[in-house]
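Working notes, structure below.
Labels run A, B, C and D following the written order; every chain starts at residue 1.
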Amino acid sequence: MTSLAREGTDTGSTVSAAADSASGRQIWQERFAAIRDASHALAARLSPEDQMLQSMADASPTKWHLAHTTWFFETFLLAPHLPGYRVFDERFGYLFNSYYEAVGPRHPRPSRGMLSRPSLAEIAAYRAHVDGAMIALIGTVPAGAWLELASLVDLGLNHEQQHQELILMDIKHALSLNPLQPAYLLPVPAERRAAPPLAWIEFPGGLHEIGHVGEAFCFDNEAPRHRLWLEKFRLASRLVTNGEYLAFIADGGYRRAELWLSDGWATVCREGWQAPLYWSDGVDERAIFTLSGARRLDPAEPVSHVSHYEAEAYARWAGNRLPSEAEWEVAAAGAALSGNLADRGLYHPQPAPGAPGLQQMIGDLWEWTSSPYIGYPRYRAPKGAIGEYNGKFMSNQMVLRGGAAVTPADHIRITYRNFFPPAARWAFGGIRLADD
Amino acid sequence: MTSLAREGTDTGSTVSAAADSASGRQIWQERFAAIRDASHALAARLSPEDQMLQSMADASPTKWHLAHTTWFFETFLLAPHLPGYRVFDERFGYLFNSYYEAVGPRHPRPSRGMLSRPSLAEIAAYRAHVDGAMIALIGTVPAGAWLELASLVDLGLNHEQQHQELILMDIKHALSLNPLQPAYLLPVPAERRAAPPLAWIEFPGGLHEIGHVGEAFCFDNEAPRHRLWLEKFRLASRLVTNGEYLAFIADGGYRRAELWLSDGWATVCREGWQAPLYWSDGVDERAIFTLSGARRLDPAEPVSHVSHYEAEAYARWAGNRLPSEAEWEVAAAGAALSGNLADRGLYHPQPAPGAPGLQQMIGDLWEWTSSPYIGYPRYRAPKGAIGEYNGKFMSNQMVLRGGAAVTPADHIRITYRNFFPPAARWAFGGIRLADD
Amino acid sequence: MTSLAREGTDTGSTVSAAADSASGRQIWQERFAAIRDASHALAARLSPEDQMLQSMADASPTKWHLAHTTWFFETFLLAPHLPGYRVFDERFGYLFNSYYEAVGPRHPRPSRGMLSRPSLAEIAAYRAHVDGAMIALIGTVPAGAWLELASLVDLGLNHEQQHQELILMDIKHALSLNPLQPAYLLPVPAERRAAPPLAWIEFPGGLHEIGHVGEAFCFDNEAPRHRLWLEKFRLASRLVTNGEYLAFIADGGYRRAELWLSDGWATVCREGWQAPLYWSDGVDERAIFTLSGARRLDPAEPVSHVSHYEAEAYARWAGNRLPSEAEWEVAAAGAALSGNLADRGLYHPQPAPGAPGLQQMIGDLWEWTSSPYIGYPRYRAPKGAIGEYNGKFMSNQMVLRGGAAVTPADHIRITYRNFFPPAARWAFGGIRLADD
Amino acid sequence: MTSLAREGTDTGSTVSAAADSASGRQIWQERFAAIRDASHALAARLSPEDQMLQSMADASPTKWHLAHTTWFFETFLLAPHLPGYRVFDERFGYLFNSYYEAVGPRHPRPSRGMLSRPSLAEIAAYRAHVDGAMIALIGTVPAGAWLELASLVDLGLNHEQQHQELILMDIKHALSLNPLQPAYLLPVPAERRAAPPLAWIEFPGGLHEIGHVGEAFCFDNEAPRHRLWLEKFRLASRLVTNGEYLAFIADGGYRRAELWLSDGWATVCREGWQAPLYWSDGVDERAIFTLSGARRLDPAEPVSHVSHYEAEAYARWAGNRLPSEAEWEVAAAGAALSGNLADRGLYHPQPAPGAPGLQQMIGDLWEWTSSPYIGYPRYRAPKGAIGEYNGKFMSNQMVLRGGAAVTPADHIRITYRNFFPPAARWAFGGIRLADD
């Protein structure tokens, strides 16, 4: 009934919960520990001071992310399901609830950066407390309750992974505002190569199906799988590059109202946009701020940190359009789930490899689609607090697809629907062109 | 190339332009004069002082509407097409351009209420000047240019009619803010009757087509006609009533976050919404402000002046949902184009008549759909200033269908797509439920 | 105990109330009618549409001024003192109370421009109703109550005169925002002459007295008269001219932070100030907007519509300072109460005449002083609603002295304390330099 | 000609610079080290995370204070005066300049909390670098340059002490916003006693002098000493207590517009003020947040963290008024420079001791006066960047006198003029009544 987690044949990231067994439980415990540790590893590159930074209301401090994902397990798994569980600190519910109205009042979002206490050390203790209890819970829950619990564990772990990406997005934004331009990690030696020519791949029209199917985990917003009619279309073989985007700028892209949606143009004027986020003008050449610090702009790399408005304006300027999310999913249906994802440790998009067919569908950058984020036909949000996870955000946002260089590798799916408001630029968003 | 106006068999509101003839031209002249006069008649109920009112940036003064629609004919028809035409006042282009970036800079929208000059008398002279020239243009344009011109005349007249509705929407909002609660017109004796029971009408799923077809006028956003797949669905036989909406309020509708989209709930909290726009609390009972002044709330009337957020929350509370625009159009396909439209002179929705089948599809109130306002597949906005008419607004808005009691009767179509931001309440918007 | 008005020897504008007599009452009736008619005459140059304009929250529509001063007489004189007086419209108290908390709630200030009803014609009827009752009240109040009543009539008439100046200030601001740059009145032929050289007039230090003395009317904030110590000082013989101010601009006046108070500099940056209000750049030369429309800037005229911040920065740039209000009053003590005031009908400052001694102390422009507006020693605001007239505004404002070309001639006094926030520019404020 | 520092007979806090000698230089070195160490000691109670907190644009993070005062010495003393001095980090000038326009551009004030880098450890190194160089500079500057340098050292040290108080004000505000209500220091056992009855002390009118005189250090705004005339007045013997202020609240103090200045009332309504800052409602009784955490409100303590508006409204309610700064200084002329200052380590005001005469004039709380903060007669700000220290803030602020429990003991003077905007509440401001 719920669209959350469960599975038949285990393919990779998720572990069969259906066939309950001691060794199965242990695999779940190991997966739990591995994903939780990954958050810790991401944060470990940052000082306690860095982990305090909240650069805008939309972003959160690293330490808050660490605590919030912990609160999620405590609130939705341990408190209701682990007999005798002792809440670590009763006051943390108020501090680390993100937006679950059903759970109760919460600390105002723009004030998350004001929480010097609890200290990072206390949050580490909180994580340890909850992790221990979770390992116990996974090991001891009765077989009859296991399937439902495993579904919640899966949700909690996917939630943790979403926050791993948010940690990187948010700290990139915060560090970029520091005039010292500090780096999150050392520069990673990356491939330097020219971008391959942009080719067009055609797809036939007709009655298609999109949406998640099967028992493996998905978020509720990826279901139900449903039919829809598409006219034939074509997709660009790779993402739009910085070099191509420079031509858009040089052609007056940010000064020509006729290229923009009305709301987009108002945003350009109000915010004074003249280039993507994180671009700056050097003396001789453009610079770009990355998680490895500032460096020279590489024209072969995909253009990143553009808003939907910019993606849409670029596509109009190029004489094309953005794909709908259905077109994207139909085109990606056969693609392998590999690409430049967070496991590579680059945390930055790379030039397209130049292989035949669709490139960069998975990883590198989330791809803005032309589709507003609404529920699929017959979608209904689950009841209760968990129902607030996705459904209530289905207005004024646009769908992005495919994952980025900061997305955990075992987190992405072809059916995955990411979403941001059309003016948002701090997500790792890029542009793939489509046409009729 | 353009999706604008022209037609084969004349059915009512539009006149055949294809078969050019002296009598045909005269019919166009008469139609032009009739629609322009209708604007004048709407404004004539208001004093010059009333016609100055601008109650918010989204609304405009009546006299500005009168001038802007005139500017539209002058700019897009007379100046390019009538040899020797003398622009009435060169400065009016700046004052009365609404949002056409391609035409040049313009007076800031929120300052339209600051234009005591030109006076209403000068604007009347402006209208007379342009109307005379337009009659001449229609009568004299060479046959070879007639078809294109007629298409533009059609657009200008439909534009005039849109502003007739805006005049009523905007003046209602402005007068409502006056503590004296002045009436735009005398109370009209209206039918008092109970609302019929809500019934459900079923529609089959399958491959459907929506969008405008044929030669009669439509706006560019109603095309191209295209195929889409629908699962079977059902629609409520009539609009939701004030009485039903009172039950939603009594059940905590405005206090229960779980019923709302996240942006909607933020709006409820920020704006302090506790009821639809224009409702107020009397001593013993609810009152409602109408264009005929304030009066007692009638539970049998359709609930009006709700936002998309309220419509959506109501539907969730009722256990149903809103229709998509495609569902609405498929269901309405066979409906007659009649209903409580502006020609009845009521300017207020009426209780449903109680006939079998779908009621109130046309007129009474625009019906919020679940569909974000985006372009149909293969839609491209026309080139040039006219291309700004619809296309650039395709973000952050929701589609409404069916016309309202303030919509000119010969202006509405089954394929007509109205659109407003989801928080807007000053449009005459109501709720029709749908379900799977 | 109240500091309000009345007098022994009648010198000009005020009429002896102490010696009650039929002819004395008649003189008061005539004065009442004359001052009330003057407001009407000011408004008569404007259309009903013009009289609707409210260009910012600080300004009010002309028709609102006409109604508010009428409400003042009705509320503070007729209702409590005229037996059997019938309030014209009970709802007007809410609409036309300006800021008297003690009288009750009121229409929000920024929404005064939304009052198309009552119409200007209704407000004229309101004025006639109240004027008739006031004439009757003045003629019939018993002798024993006359002295107190005359004091209130005096206050009401001075209040009316303050609003006459506000009508001109506010409509100038509103018309200036209209791209058509309409004129309030025809250009008045004015003297064209060079400004005389700036001379310095010295004044001795010592123990001085300032503040109102005697029985003639004054506002409560002009009393009590009190002693204070001044060091010797000198005042410039005339106001700073446009030509001198142009040199300040040319020397980077609006770009050099070191010339400004911190709050002033923040205002310059935030508002983008580059010149006084109402200045604009023409093709060849500067233009200035006046109540007679736009015209070429005259370097000999006093610079007008500067804020306190600009006056203070100019003085620092010039190596001088602004006078304190005590210095100004001590210097002006012997000055004649004549100058370019509203009775001349110019409504615009004129070049200094070039006579010896202090020029332009009265009229032309209000002169910004270095004195924050606070109560004089032992000042206490009167009890009740009338006590709100001046006392509660004694924070965050600066004192201006001397009247302007829009100030009624029989309204100004040497002891008169005008006040505006330091960033305000729509008052007719100018600069007189002082030094040690 | 500068009003800065120097002295003849050393009385306490400052050390004679005039009589240059090796031992004299050593005393200056020791004083320098002691005051710099005191900042370090204040910060040492806080974690690096705490020291990141910036709770509002008016406040700064602790670590920023530590760096900024260091920048002050580097910029105004070391760079121009120590031959061969190596600037610690060229980029710190941009980061740690507070408001000196003459020195160059700077990091936006509201973004000081975004500076996780440089780390607190780096700032400690910065302090050590500058401290070492300062000790060398004091020891080696040639005798001929000593007097001017000592004056700058004095300014730098007084500046450091001002920031010591700001550290405590700012961290109190930041910690108060944390729902965990963390304490800066352990509760200090404080005297519990009833407040003595309020008595009135009379002072004669006449010609008085105020302002700094002599060679000891003062800020430029305390000079020149000058004559002024005062009418006789009286001062309350002690500060207003929490208990007295509770009576004001109970009598509708925050609900009665007639008690307030207009700007004050607007602030009360806009901010929803119902009590002083840091007060909260407990179940049975009021609580107050202090630097030692939250505790029960003591009615005998002076009411603290009120704005000028609240002080002024309280005085009006009590039938009295606030003292002018001249009255305060004349009354305090003979007072000893002792009281509850920061050296006691309480950081919180205490009940008045009950001695005869004026109590609590020095320490406990800054006392709001009725005097706007403007320059004394003949005051001129010094030239150059140092001239920005005080002069440019002379608008829209009110003077406070006497120091508070967070003010360093050797920093306060009778002539000391503190200043804050009238709505500010995070300073340790209290109320002393005055009357005619």
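Following the convention adopted for this analysis, a residue touches a chain if its C-beta (ideal position, glycine included) is under 8 Å from a C-beta of that chain, and two chains touch if they have at least 3 such contacts.
Fair warning: this is a prediction, and the values are worked out from it, not measured in the lab.
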Contacting chain A as well as chain B are chains none
Per the C-alpha centroid definition, the whole-Å distance linking chain A and chain C comes out as 61
Chain centres from averaged Cα atoms put chain A and chain D apart, in whole Å, by 48
Where chain A touches two or more other chains simultaneously, the residues are none
Per the touch criterion, the pairs are A-B, A-D, B-C, C-D
Interface with chain A, chain D side, in the complex: residues 47-53, 55, 91, 94-95, 107, 111, 113-120, 174, 177-180, 182
Chain B contacts chain A in the complex at 99, 101-102, 207, 226-229, 231, 257-258, 260-265, 308-309, 370-372, 374, 377-378, 387-388, 392-396, 422, 436
